[in-house]
Every structure is written in C-alpha cells, then in structure tokens.
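Quick one: the structure is below, and I'll ask about it shortly.
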Amino acid sequence: MTETVVPVPGTRAAAPSLLTMNGIGKSFGSFVALAGIDIDFAGGEVHCLLGENGAGKSTLCNLVFGIHRPSEGAMRLKGEAYAPSGPSDALARGIAMVHQHFSLVNELTVIDNLLMGGSRGRLDRKAEARRIEALAEEFGLALAPFATVGDLSVGERQRVEIVKCLMRRPQVLILDEPTAVLLPDEIGSLLTVCRQVADSGCAVVMVTHKLAEIERVADRVTVLHRGRVSARSDRPAEEIPALVSAMIQRPAARSGEAVVGAIALAKRKPAGPRPPAGEAMQLDGVSFDDRTGVRRLDAVTLSIERGEIVGVAGVEGNGQSELGAILAGLARPTDGRWFAGGRDLTQASPREITRSGVGIVPEDRHAVGSIGKLSLADNLFLNRMRQFSRLGLIDRRRQMEKARDYIQRFDVRAAGATVAFGSLSGGNQQKAVLARELTTPNLRFLLAAQPTRGLDIGAIETVYGLIRDAAEEGVGVLLVSSELDELIAVADRIVVFYRGRIAGEYPADPVHREAIGTLMSGRSA
Amino acid sequence: MSVASRSAAPPRLPPGLAGLLLPVGAVLAAFAVGAVAIMALGVPLGEALTAFWRGAFGNAYAISASINRAVALALVGTGFVFAARAGLTNVGGEGQIAVGGVAATAICLAPGIADLPLGLAFLVPLLGATLAGGVWGALAGFLKVRVGTNEVISTLLLSFIAVWLLYWSVQSEALLRQPMTSSATLPESLPIPVTTQVPLLTGSYSSPVTLGLPLLVVIAAVTALVLSRSIFGFQLKAVGLNPVAAARAGIAVGASIVTALFLAGAMGGLAGGLMLQGEQYSLKAGFSSGYGFDGLVVGLLARNSIAGVIAGALLFGFLRSGGISMEMGASVPSALIDVLQGLIVVTIAGAAYYVDRGDRK
Amino acid sequence: EEPLTVGILIPGSKSDKGWMESGYNGLVAARAKYGDKIKVQMIENISYADMGQALTQLASANKLVIGVGGQTQADVLKVAPRFPDVKFSIVGGNAGAERPNVAGYDVKQAEIAFVAGAAAAMLSKTGAVSYVGGMEIPSIVNAGKEFGNGARYINPNVKYFESYTGNFDDVAKSKEATLAAIAQGADIHYHILNLGLRGLEQAASEKGTHIIGSYTNYCGTDPLYLAYSITGVGYQVSYAIDQAVAGTWAPGYKPFGLAMGPEASTIAVCAPTPEMTEKLKAIMEDIKSGKIKVLEG
Amino acid sequence: MTLELVAIFLASSFRLAIPLLFAATGELVSERAGVVNMSIEGMMLAGAFGGAIGAAMTGSPLLGLACAVLAVLPVALLQSVLTNTLRANQIVTGIGINILVLGLTTLGYREFFGARSRTTIPGFDAWPVPVLSDLPLVGPLFQQIGMAWLAIAIILAVGAVLTMTGLGITLRAVGENPQAVAKAGRSVLALRHGAVLFAGIMSALGGAFLSIGDIHTFTEGMTNGAGYLAITAVIFGSWKLGRTVMACLLFGAATALQFQLPALGLGIPNALLIMLPYLLAFLAVAGLVGRQTAPRALAQPYWP
C-alpha cells in the first residue's frame, strides 16, 4: 500500500456548519429507521458516519440527498430551510452523492454518464470531455471519456461516480461506503481526493466500516446505532475503541485494530483432533476465455489440503469471479481441469459439484447465493429440497423443523423461518448462506468469495468463526477477499491473482503485506 | 442506548381479502359503466339486463355454451399461470389453440382413427392437439434457453405464424381442405367423424357441456397442487425468481423453462382440440376466435391463482353469452362487451398496485 | 295474428358496403314492407366459436333463422336438427347436406361477374380491367375467373389482372392491389370485397379510374362508379321472409342468379349507350339459356 | 418484372411501411425508455378513428390529424399512468387497452357515422415532389402524401435527439438503469410518461395515415394487427432506430409482394406471404440475424 500524505486529522479549526439536521426521524411503514437525529456537517471537514449494517447510515444520506423525505424534524442548509423534494432539488442546492451501489448506466459511455441528467439540449461532447479531463486532472482522477462504462473496472467506475459529483462543484459531498470495492492504492487516492475537496470548503460526509480510513481522514465521526446517534467524536483517531463499542453496543475488548483483532482471535487454533489429511481441491492449469475471447484465467494451478485455508488476494476483476463461476459449475474452463477429493469436476453440473462435497459461498449473495423472495427456510435448502419429498410433494413440517435447527445453530437472526429471505439484514443473509453451504453432505471443500463484504464487525466475526470451524473439521477453504488485512488474519497462506494468473504466494503473515500489495498492483515484488 | 421504537402499523387490507375485493370491485365498476353506456345508447336498462340474463343463464343450453367457452379460456389461463410461475409470460395462446385445432383435425380425419375403440377415437386426437400445442410452446422455451429470446416476443410471433398456418391448411387441398366436390366448396376441413367428437356429459345437444369440464377440473386441481406443494413447483418458482441462483442450486433451469412453456402450450393445444372436437367439428380459418387472447387475459388477471383463473374464465365465458343475447334481444351492440372486458382488465391491472404495494420485496 | 319472428345472423359488419350490408338492406326492406307483421332479432360480428351459440339462441326465440353467408352453413346444419319447427335459410348456401328445415340460397355471383366483365370491357378505354377478391374461396375465385371471361367475350385482347387480399375487410391491401393493376393499365375495376372496398375506391379516385360496384345499385350517388352488378344477397333475405310470411317457405337448395329476375341479379350501367344495354341484355339471356356457360358459385 | 412494376412495388412497399414507421418509431422511443406498449394497436386504432371523425366533422384532414392526436391522448395517458404511476403489468395493460379501444371505436363508429353511412371522409392528397416524382423507376416513391415526408422528418429528428442531446442520453439511460437517472436528479416518471405519450402520438399519426391519409375512410378494427407488426419491427430492429426503419420497410415490401407475385404468375400461397414479416421477425429473434439486446429495464416498473 502506498502511503498518501494526509494532513493530521482532528486538528482543524471548527468551521461554520453548512448543513444541520434537527430531530430528524424516518420510518418505513412501521419500521423506524432513524429517530431523533441531530447532526451538523461543516464546510472543510471530512465527517465520517459509522455504524452496523442497518444502523441507518444510508437512510440518513438519502434524506440529505432528497431520495427520502424525513418523517420528522428539519434540515437547514447554510441557515436556510432545506427540504429537498428529490435529488434534482438537492443537486440544485449544491449537494452531490456517491451511492453505496453504483448508479451508472453500463451501456453508455463515460461522458454520457457524466452528462446524463444535466442539460437536455444539444451536446458538444468534445468540449465537455476537455472540461472533464481538466477536472479529473485537478484531482488526479484519470478517465477515458469515450469508454463504455460496462467495460470499466470497479475502481474506474468509482472514479466516474466521483467525477460526476465533482463536476457539479458541490458544497456537500456525500460518499456512502465508497471504498468497499477499491484496492488499497485506490483507497489511498480516494481519501486524498476527499481531503482535497474538503479543503476547498466543501463538507465531505463519508460512510465507512473501515476504522483505518477513519484514522486517516476523519475530522469528526458520528456513530449510529439502530437509527440513533450513539456517539460522536471530534478526535476520532484517538478514540477508536470507544467508537467501536458505541457502534456494536458491546465493550470493545480489543484494540484499535478491531476487525483484524477479532479475526485473529478466531484464527487461534485450539488443540483439537487433527483434521483428516488429504487433498480437498485441486486446480490443474485452469484457463478461461470470456465471450469476447479475452483470457480471464490463465493456467491457474493450485492445490488445497483438507483443513487448510488458502486466501486469494487481488484487485477485483483479476479472475476471481471467473474462478468462482467455474467452481460453482456456472461456467466451464476453456482449458485445464479441476478436482475435488480426486474427482474430476471440470464438466460437472452444479448439482454434481454439490454432491461431490463442494460448498460455494458466491461473491454475489443476492444474484447467485439466494432468492430474496423465497422464505429463509426455502433458501436454507435451496439445493436440497428433495430430502423433504414425499410422493413429489414437499413435507413442510419436516422442512420447518430442520430450518429452525439451522437457524439456531448458525445464529441467523430473523423473525422466523418463513420470512422472506430478502428482508434479513445483510449479515444474517450471509449467515444463512453459510449455514446451507457448510451443511453440504460430506463437505470437503468450501469456496468463500467475499463472505464479509458490506458486513459490520459483529457479523464478520461470526462469519469467520464459522469458516474457521469448518476448516478445523477438515474442510479445505478457498477464501477470496478484497480485504488484505482479513486474509492475513484468517488464511494459512495467500495466493495473489493478477490478470488471471497466480502472481505469487506468501504465508499469511503481516510481514508480507507490502509484498502482497505490490503484487496485487501488478508490479513484481 | 434506547432501541428505536416501532409505531403502530397503518391499517391495510389483508392480502387475501384485498385480492378478492379487487376483482369483484373492478367487475362491479365495469358493469356500472356498462349500464350507463346502455342507457346512453337509449336502450331501457331492464330490457338489456333481461336479455343478458336470458343469454347467460336463461336455459341449460346457454349455461352449457358459457361453460364450454369458460373451459377453453380456463385451460389457456391455467397454462399461463403455469408458465408465469417460472417467470415466463406466455402470450401465444391463440397460436397454441390454432396448432391444437390443426393437429386434432388432421388426426380425426386420418384413416382408422374414427374406428378406434374405448373412446380412443376422440382421446388420441385430443392428445395430439395437446402435444402439438406443447411443442409450439416449447419452441419458445427452447429459443429462450438457447439464444435468450424473450418469450413474450417469440410466443407472440409464433402465434401469428400459427394463425396463418391454419389459414393455409384450410386453403390447400394438399393439407386439410375438404375435397372440392363442387366449385362452391368452402375452405374448411371435412367435418370430423362422430366418434372423434368429444362426448357431451348429458349426451344431449340441448345442454352440450363436454367432457372438457371434468378434464379441466382435474387439470386445474393437479396444477394447483403441483404449483403450491411439489418439488417441481418449487423449482419452477426458484427459476422464475432467480434463474442464476436456481442454476447454482442444481436446478435444471433450461429444462424447467422448456417444460413450463411446453405445459402452457399443451393446455392451449388441448383447448384448441376441445373447441374443435367438442363444438365446431370442422376446421376453419379463424376458428380460434380470439380465445387465446381472452384466455391470456384471464391468466393475467388471476394473478397466479388457479381459483382466480376459473373465476375469470367463468366471468368472461358468461359475459360473452350475455353479450350475444343482449345484442339480439335488446339491440345493444356486443362491442359493449369488449368495452367492459377491456375496462375490467385495465382496472384490475391498475389496482394491483394497491394490493401488491405491501408485499413487494 | 302473431307476428312472424325472424332471427338473422350477420357474421361480419352490417355496414361493410358489401355482402353483409346488402343482406342487411334486405332485412330493412322486409321490415318496411311488413311492419308489425314481423319481429326481428339480429346479431352481427360473430366469430366461429360463438356462432353455434348465437344460432341456437336465435333458433330458440324465432320461427325463421337466416344466416347471411356460406360461413354460417356448417353451424346451421349442426343446430337445425335440434329445432325441427324452425326454418333455417342460408344466404349463400350450397348444394348438398339437405335437411328438412334448411334452405340454401345460392347467390351465383359468377354469372353476374361474367356480365360485369363484359360491361367492363365495353367501358374500358385502355383495354385493361382488374378484379380484387377478398378470400381465395371458390365463389370469389370463380367470380374473378368469369369476370375475365366476360371481358374477353367482348374484347379477346383485353388485359385482365386479378388478385386476392386474403381478407374482405383489409382496406390497405385492396388499395395496393388496385394500384398495382392501374400501373399496368387497368382503368375499370371490379371486386368482391366488403370493408376493403374503401381501399379500392381510394386508389381509383387518386388515379382517375372507375369501378363497377357489387351487390346494390347506387347509380347517381358516386361518379367513381360506372355500373353496379346486383347480387341479390338482400333480395334473398327478403325472399326468405316473404316465403315464410306467405307460408310457402320450402327447404332445399335453390339457385338464384339471373334466372330469378333482376331483383336477384342484374347489371346496372349508370350511363349506358343503347348498344351497351342491348349487348348486355343479350349476354344475360345467353347465360340463362345456357348458351354461355359460366362456373358455379 | 417490368420496370414499371418495380416502381409500383417500391412505392407500394414504402406506403405500406409508413404507418409502421410512425408507430415503430414511437414504440422504439418508449421501449428505449423502458416501457413496452402492447397497446400500440389500440393507440393506432384510436388515432385512425379520431382522424376520421375529425376530418368528417370539420371537412379538413389537417384538423382530422389534430383530432387523431387528441383522441389518442386519453389512451396513451391511461397506458402511461397504469404502467408508470401504478406500475401495472405492461403486457396486461396493453392488451386490455386494445380490447377497450376496439370496443369503443366500434361503438363510436356506429354512433357517429350511423350504421350504414356511405359518406367518404376528406383525406390528404398526394404531394408529389417536383422533379423527383417524374423520375423513372423511383418516381412513384415520391408521389406520397405529406404525412410520408412528416414520418421521415420525425425519424431523422428522433435519431438526432437520441444520439446528440442530453434528453436523448437521459431517455436511453432510463431504459437501462432508471435508478441512476433518478439519482442524477431527473424524474424517471416524467421521462417515461413523456415517452409513452410520444409513442401514443406517433401511433395516432400512423393510424391517421391509414384512415385519412391512405384510404380516406374508417372501418372497424381497421389497423388489423399493424400495431403488433410495429412492435415486431422494433424487436427485429434490435431496438436501434436505423434497423427498425429498415424492418418497417422490409415488412412493407413483404406485404407489397402479395400483389406483385400474382402479376408474375408465381403461385406462392397467400398465407405464407402474410406470414412473412412474422416469420422474418421470428428468425431474427431466434438468433439467425445477430444478437438482440433489449434495454435492460424494459417492461420493469420503476420503484424508487
């Protein structure tokens, strides 16, 4: 990770507040997402919002940006009443927002995305492109204006989102978890941009789960818990443990490195029976070409022992997704073979793969791992419904019994087994997917792709605990994550993916962090 | 730290009740509009209503004819609901009826069929119609799986193609047109032999409900059970809601799609077979009479409930009978029935919002 | 005395300017003639699947049921045996499938089409004439053939173009078909169309050519038309009612055409020369006497 | 085929394509914005009816055209409010509206024109383009009524707006990712309402071309499936303007061929020719004419 020079935070003179929220509340139907929120954002500061999944951070941002209207309370912008009727209002008043989920149109070019929603009249794309390039240069955000957004990497898309906001020269810039999908390098430069923008007098509001980012850039922090402000800090870098405990409403037993610490604890192997020896999974020269003929995976060879956790580090888009699709049986390698427990599964269907004792926690739990409109109980047995078959009909009673058992064992918190899966919070959805995959009969290999993305610390802890337990029982685990710290904390060894190849391998030890980071960015170590 | 409080829920109709009130309300509203229109046309309302009643329920024949029509509509609608469970919209009912009718006629007129024992004489052509409709539907499924063609588009196009194939088959003596005994021979098939006609339940033409009714009851019951309780129904639902996740879970997504559209088409084909072998007895261009589209609307309005399909089919079946009678008895143009039908569809489709708002996502 | 109850089924639209409208005209005429002595129920625009039911309803409430068009025949033959006391008349009915209570009135459009062809050849300045038919069904195709024969009877070198749009009611197609013929020189057009006739009219009025109408004589109302071939669809409707009122209604096949007199079938040239009138009269006599043989239908 | 026949064939293909060009261009815009209007058929019929009534009552085809647009507004509004505001299923709504409009125009036709009116309706006369219309072979192509040139002008304008203006990219974006458009500060509903209204007005022009442009009459259900054919053309054209226009012309040619083949003495069954556009479109969507890429949010209601 390259260090970027960031002014020491928390030392700025208190600036006049630009935007204030007084007694703001927001309910969705009977569900109260926010209540009694008092908060102010000042020009020149980077104000971070911290909180568990579902704490109400995105909701708060959406209120400021006019996507939702508050149920109670009032906002003031530069002393004037501010009640946006929609994003267009907010934009007109100088408020811009980068959303948690991209709001780009993949089919359009970068420049069209930037111009979309702007003027309605005739476009002079060339002139606009020059203007945008100048702006991008000012902030060090390189863009190819005529590329199609769908072809861009995640990091590049994030840049488009930010330039889209900066183009409007906002007074308040809101960033909702902007770093969740970025690689260390990119995070560094994004934080620099935030600083730069704040220095120009703008209020930067940033939602994040990453304490390291707070340490580096936050001037102030507000912590939300279940829709209320549970703590504030004007010198966050020094108060990390307190912030963490305010966030999860538990005493933070561990130090500032809360996440990593929590996981490190899970990593400690208890003295138990040794896992059965033998190979769990083997990749033998696996290559994959996408539909346009681009090589996405290039002769990947890797072998995982039972009981071993192998981490895959790498910037997203370097072949991890393709590997995940192949192991899930949703894509076939162009070349090479792969095995689990000695069985060749190269051409196997998802069903045969599951039967061979392979569990898959896909990186996209909504699109691949679950069906939001089906019940929790149905999702727990999505691939194993037949076990409840009686004359072709489903024995619902037996299914519910078993579902309740799983819900208890895996600590899935939900109103019941029959609630829609989609109504669970992210962490609980992930726990349910893990419950299903970890109970795969004769499980010997588990792929866990980005299992903690978007989860809060409490949930991350549980998820890694479950994965760790599985490894101890002899399951070989391939753990794909974009969080290098997590990989170092959880895995036994780490392979680095770059451009579809294994660029190198290291033991999972913090001393190799620099080297791994370098490999991830494509430079040789 | 205090936990966010939960305020009392605003009153909302229970989904089941709303789901029932909605269509009933829409129908009543449409009828009210119809009554106004009738008076605007200068027809005494009482006279029109009497004629409507007589035509819809006045005698055993009227009731039977309405039921037969409802059976055809309900079959198409049931097929629609079946496909809808897998997330597929089958708008090809008209074409599936047409190919069903063509196949049934061809088999009925094939040598030897009329002499088959044990009712096979009418069962074999019906089966042929069912298969033909099924293949027509499966074609769209196959395309969807193979090239990703949207089934709304392919079933609609296949429908138009089938309608003109039917036209061709009764125009050409090499196909199904009856031999030209005189130069005035109409472009129709020969009448099918009596043994291949679908038997009437009462055996009397004055109450000509065909065997199609019990057949429908069985099919509807089995469909309802399969969709709500079976593994297959669960798999269809999974495929419909999220095909990628379903594939990952080991469900054969492609096969499910083809099967669902095959079954939907098969029910359309069976409807065609019943219309031909149970009522019309000879094949003519246009014999499908728009029932495919009416059946589609019935399926759409039923909003995934088989009971809803039956109710909608009966409504449309009796509505048309009453409409015919109203035109004859009270000179109210039966185009008014189209207006009512359109209004019902539009009202229910629009009001669905208020019912679905609660349970989305 | 009880009025005679009459049920009439018009499969298409009663205002189609063609066959259906002609049939409806016959009903209007009968109503004017008999006043309260008949009581009529009518239904139009009926698809095949509903036809049996519509006929049954008509039959259960009326003494006489008239189906206007050959397309009603199959269903009439199905319904009639269940109502032995009801008389059924099919306008445009064919020979065959006799029933004790069914009468089939054959319109014989081919005869008058031959005469129309002769008239067209006499009226044409370019020596080219055309015909547009709706469906390719025998009576329509035969009429087309005989129209050509009639034209050639007058002028062996006449150029004759015929086409079929597949639909009696498709205006756009009949317009295009006529334009194609006009492009090749045709200046007199004949047709058996219903709503589609409007397209033919439009083509002719754009290009300054003329039409011989079918079914009903409207001479003097529209300069586009130089003549009308009268096909007594309406006459047959009135005929059925006349016979039933008089108690002389009889089942069985009955050919109409020229033999039944000018009300059933004749040609009306709007501004004829005396020679023309003579010649056409002679042709009609020759057809009646069998000297000129025309196709059936 | 003589040259003259070729000329007639070309002109006839073009003329038969014009109503499709209007309606398909409108539907293209609407589908690019994410809304499928199965009701194009009904909208065309409403336009044809309104045009006929208007022209008959005022005696002026131009006012008739205005009435066509007026007549379609409630229909398009109904479609738009149902599918966009109330988020009703777009297929159901469209089919329901088609049934409704067919019933209403049939009733209305009888009320206005009386059951058996023989009055002709004033319509547009041809507007031959000087010089060009006298050319051999292609001359007849240039002897169309003014509406034909209007269609071409609108198509060019739509092409320009879609590719070169901010409105155009926003419109395309709303069919791919409406959430992104909302967050960019534009109203998804307003854009979609606009697109559906545009489709309605274009369909009305197409319908009016039938009733007061080409034929000068109204008949019950006179659109005869042209609306479905227009939707087919959009699909066949893979949601691209140029290709959709080509598809309309191709369908026009396939229909025109029906009247040319008999003249050439070719015995191809009529049914096959009528089927041809559908068959072609089917082969296209079956992947035999390249891949089809529909707008991603097509037919999906927008929930903020």
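Letters are used for the chains, namely A, B, C and D, taken in the order the chains are written, and counting of residues starts over at 1 for each.
FYI, a residue touches a chain if its C-beta (ideal position, glycine included) is under 8 Å from a C-beta of that chain, and two chains touch if they have at least 3 such contacts.
Computed from a predicted structure; not experimentally measured.
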Chain whose mean Cα position lies farthest from chain D: A
Chain centre separation in whole Å, for chain C relative to chain A (CA means): 77
Chain B and chain D: spacing of chain centres that average the CA atoms, whole Å: 29
Chain centre separation in whole Å, for chain B relative to chain A (CA means): 47
Interface hub residues of chain B, defined as touching at least two other chains: 167, 171, 335
Residues of chain A touching at least two other chains: none
Contacts with two or more other chains, residues of chain D listed in rising order: 106, 110, 270-271, 274
Touching chain combinations (by label order): A-B, A-D, B-C, B-D, C-D
Chain D to chain B touching residues, read off their complex: 36, 78, 81-82, 86-89, 91-93, 95-104, 106-107, 110, 225, 228, 232, 235, 269-272, 274-275, 278-279, 281-282, 285-287, 291-292, 294, 299, 303
Of all residues in chain C, those that touch chain B in their complex: 7, 41-50, 52-54, 56-58, 60-61, 70-71, 73-74, 78, 82, 94-96, 106, 135-139, 142, 166, 295-297
Partner chain B, residues of chain A touching it in the complex: 27, 29-35, 225-228, 230, 249, 328-330, 349-351, 354, 360, 362, 367-374, 378, 382-383, 385-386, 389, 392-394, 420, 422-423
Chain B residues touching chain C - in the complex, by the definition given at the top: 55, 59, 61-62, 65, 69, 72, 167, 171, 180-188, 191, 205-206, 275, 279-282, 284, 286-291, 320-321, 324-325, 327-329, 331, 334-335
Residues of chain D touching chain C in the complex: 4-5, 7-9, 11-12, 15-16, 106, 110, 113, 115-118, 120, 123, 126, 140, 210, 214-217, 219-222, 224, 255-256, 258-260, 262-263, 270-271, 274
